[in-house]
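What follows is a structure written as structure tokens; I'll ask about it next.
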Amino acid sequence: MTDETTTEETPLADDKRERLLNDLSESFGEILVESHLRPHEDVWFRVKIEAWQDAAMVAKGAGFEYFGFLSAIDWHIAPEGRYEDTEFDAGLVEEDDEPVEIDSSTGYGGGDTRFQMLMQLYSLNEQVGMILKADVGDDMTVDTVRDVFPGADWHERETHEMFGISFRGHPTLQPLYLPTEFEGHPLRKDFPLLARQVKPWPGVVDIEEIPEHLEAQLEAEVMAAFEANEGGS
Amino acid sequence: MTATSDREQMAYVSAQAADARVNVELDTGDMTLNIGPQHPATHGTLRIACQLDGEQVVVAEPIMGYMHRGYEKLCEVRTYPQCTTLINRIDWLGSFANEVPFILAAERLMEVEAPPRAQWIRTILFELSRIANVALFLGDMGVQIGALTPVFFAFRDRERVLNQIEEVTGGRFHPNFDRIGGLKDDIPKGWIEETRSVMVKMRTFCDEMEDLLVGNEIFQARCRGVGVIPPEVALGYGLSGANLRASGVDWDLRRDANPGLSWDQVDWRVWTHPDGDSFSRYWVRLQETREATRIVDQLLDGIPSGPIMAKVPRIIKVPAGEAYISTENPLGEMGYYIVSKGDLGPFRVKIRTPSFNNISIVPWVMRGVYVPDVITILGSLYFILGDIDR
Amino acid sequence: MPQLPGLIKGLGVTARTAGRTLFPKRGWKTLIPAPQKGAVTVQYPHEKEAPPDRARGVIALHEENCTACMLCSRQCPDWCIYIEGHKVKAPPRREGGKPRTVNMLDRFDIDYALCMYCGICVEVCPFDALFWTPEYEYSEPRIADLLHDKDRLGEWMETVPDFLDYEAGSEQKVRKVPR
Amino acid sequence: MTTLLALPYWQETGIKLGLALAVIPTTSLILVYLFLFKMMAFMQSRLGPNDTGPYGTLQLIAEAIKFLQKEDIHPEQADRRVFRMAPVVVLASTFLLYVVLPAGPDAVVENLDTGVFYAMAVSSLSVLGILMAGWASANKYALLGGLRAAGQLIAYELPLILAVMGVVIQAETLNLQGIVEAQATGEIFGFGAIGNPFILTQFLAFLIFMIAAQAELTQTPFDMPVAETELVGGFHIEYTGFRFLLFFMAEFGTAFAFAALASVMFLGGWWIPGFDVDDNILNVLGPGVMLAKILLVAFFIFWVRFTYPRLREDQLQKFAWKVLIPLSLANIVLTGIFKVVF
């Protein structure tokens, strides 16, 4: 069990969550990969992908009965979209400001693969939320948790169409939002957002400088007019 | 194929086919009735494909996506201040309430806290948008089951609340007023008194709804025992808000997991109902609206003085990290899971909307009900299309 | 007290509302029907609603204050502000000074067909050149006409209301509208 | 039957039929303007149509012109002949109802001896039209609406007729004029100053009649065949233009006719309580008195319509068979006993 509980910043000790973290880590046992705690927030757990369904069951058994949501994260830094066109940001950040640094880590609880499953559960007895994560392997398949939390049905369908992750044991993985003939997985980072591609950014335009060869001439003209004006009055 | 000579032949054949089909359908085996995408009961573009046996629903399957705008993707290419303008439009009736959890999540990551006056005003506007939102439901539920008048009352009185919101924020539906670290502006002079008188009117409106609908025997006949959701099922499907409390689960994020607004400063209670049917969902919402007017009244008395903006840089960069903050919105638990990479905009935003989970129970709850009950249940679950489709 | 049946109560509510709408006046004047006064609706083309001063109706441009700094155009989430400008030489402020380089605004367009009225541009403007006005009657039969140029945006300046005073306890300063 | 002008039979009938034909749009116009436009608006803190004509009085005419201009659309799968016939059948039922409604001692198209019987029979014709419309539209919503209408109208025909039976027993005639006479000359236990409007002695029957009429007219709380928010208009979902206008006119025309029936049978029709006036004067005053009474009854019909939610189909059937019909049977028995005893 690699329990690297990272509690770097503890302004206020949170006994309830620490106790919960320890209890749950014990119940998860072998399937737990990593966990993370930030006081007064949800508790993060990363579990093995094979045990995704078991982890949900264990969590439910531990009182996390309320199903919040299920989704995924694509940790890939996009070739399209935001990070390609740094001119967006360059225009927004002022010159003396420090440049934007992109953090390349994969979030709390860590992650080794590009796609990561994400599920939020809540315990009504303890009033504590929990976020379950799991790294999705190359086969892009996870067990369904539909049988544990019936509400996960639609969330899994959404995740399937948006990220292309399949759910083993889910009977109706039809698209939920997108038309049936839609190709691609829109929430993947390499899916271009057309609205930002087809139109040029109006912020690109900059103020037109005075051509250098005209500068001296214009300056003289302005000064001449200024002096004439002064003399007149 | 479409030659004129063929047309008569075609008409004859299709008439024959229509006869045959109708004859088959009359033994009421399985008739598919599409409720929606454009149907008054779906107030938006939700489609519910119902398999009917006579007037009884065998299977009901909601089909959505007609309004999918891809906000999660759009947020990824926007900066944090730009995101709030999108987020306004998720649940368009309770718009200010949408901004709050997003801003709170960003504040949590930046480790800033809004000054007390800002939090106080936030809470007032939050509750006002709850009243505006739920008031429309209180009337709309009437129109769903055939009463024409309540919805006009709702529009009439909601207007007063919207005016109050507009006077502060400048927007009736899209306030875009919440900022990381505080608020855009302070409240104008005289607003507190006006809001107080509006709250009195809203309580009268609640009384009228009580007389028009809740006490009405026909309304009770239509709603009692229709669409019963037991608490354990509600939890499994992730129902939230009044839908969950109507099933007897005493859980309100405002009280139990206050993410930093001023609800703990005032005296109020959480309403629950043990039945879990359509009537109790209506009843709980009616009581909550009343309670919200009480909360607003108390908050108006004690707005602390001080600044409305904490010290934040002008160009907002959120440190790397993840945060999930959810609040008790008019429709239920609305939460944002923000993944930041230390950039001007979020890396990934997962928007957990209440209506999405609330409506996912439809196939479960709509087995064996009658067609009119479909409308009652849809109405009482109370969804906003933008909140489902995002 | 015995409960009135809900059916009767309901009839009472609608009848009471009808009465209030039809006879809104007090005293002996109650007998004079005045539905125009009792109804809450505004008969729009005949009478106009007055939105609150802060209402975000349309954006006005105070051209003298604009330095073509491009901030609004860059912060706009919809990319609906188009600015073009060039630099010119201006006479010095004081005698004996050097000529200054200033920005001249050539084009300032807002495409109201795209605008989503978020107000970010007004907020980020560091020079008080953009203001909200509560005017709302500028719909057009042709979508292209919704692109307001800087003259049109300048005309809205007249309709900008003064900033409101704040409620007690506020530490905000009331800003001034340049006239 | 005495006539004011001695005209040949066919001319007289022609004029009367023409009048009745003109009365339907007029009456529906009055009802729609007064109640659907204005009263509903006031009940909802609105003004209602206000721009067309003085106080919006010409709004409905503008609407009618709009409907007439619209394209005549058939659904592709529709049974065209039936589809076209359905609104006419519904309107015909309304029209035939007007034939026996008396507006004065002589102001009646045809004074049938079996007037009540005829009115009840003719009013149920509209079910046929609604069924035809629902069937021929080739639309599932329309079909559901049509079937609901059939079930509902048949269920409510019974209490309607049974409620009328009480009146008939008390008046000892099926003739509508006779019923008015009976109320004018009747006495309540020897007190005859205001005659005997049957609403006093037959109050239960009146209530049942009004409830059943509400269902017969498919007005809220019994408007499941139309049910805008679930069946989106039910049987007339596919109708547009002037065919829809016919349905619309029939709806309000029938409402007017039922209000007229109620005022004839329970409120004394054209007769003014407490006044003994000459027949000829009553022939002139009668329509006015009738109109006032009809509007009073219609006011209640529409007041209920704008206030209540709608019942469910099965609840409605239960209500008809388990409550209304036993009650109306009891009413007949009671009326019979009183008739024999006194």
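Chains: A, B, C and D, in written order; residue numbering restarts at 1 for each.
Quick note on the criterion: a contact is a pair of C-beta atoms (placed from the backbone, for glycine too) under 8 Å apart; a residue touches a chain by one contact, two chains touch by 3 or more.
Just so it is clear, the model here is predicted, and its values are computed rather than measured.
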Which of B-C and A-C has more C-beta pairs touching across its chains: B-C
Centre-to-centre distance between subunit C and subunit B (centres being mean Cα positions), rounded to whole Å: 27
Inter-centroid spacing, subunit D versus subunit A (mean Cα positions, whole Å): 65
Subunit A and subunit C, separation of their C-alpha mean positions in angstrom: 36
Computed distance of Cα centres, subunit D from subunit B, in Å: 42
Shared-contact residues (touching 2 or more other chains) in subunit B: 79, 149, 153, 156, 212-213, 216, 218-219
Junction residues of subunit D, two or more chains touched: 43-46, 306-308
Residues of subunit A whose C-beta touches two or more other chains: 92
Complete list of chain pairs which touch one another: A-B, A-C, B-C, B-D, C-D
Subunit B contact footprint on subunit A (complex, rising order): 41-42, 44, 65-69, 71, 73-74, 81-82, 88-89, 92-94, 97, 100-105, 107-108, 118, 120, 124, 127, 129, 131, 149-151, 153-154, 162, 175-179, 186-187, 191, 193, 195-196
Residues of subunit C touching subunit A in the complex: 68, 70, 73-76, 79-92, 95, 99, 101, 103
Subunit B partner contacts - residues on subunit D that touch it in the complex: 40, 43-46, 76-77, 79, 138, 140-141, 143-144, 220-221, 223-224, 227-232, 305-315
Complex contacts: residues of subunit C adjacent to subunit D: 7, 10-11, 13-15, 17-18, 20-22, 35-36, 38-41, 43
Sites on subunit A touched by subunit C in the complex: 91-92, 199, 201-203, 205-210, 215, 218-219, 221-223, 225-226, 229-230
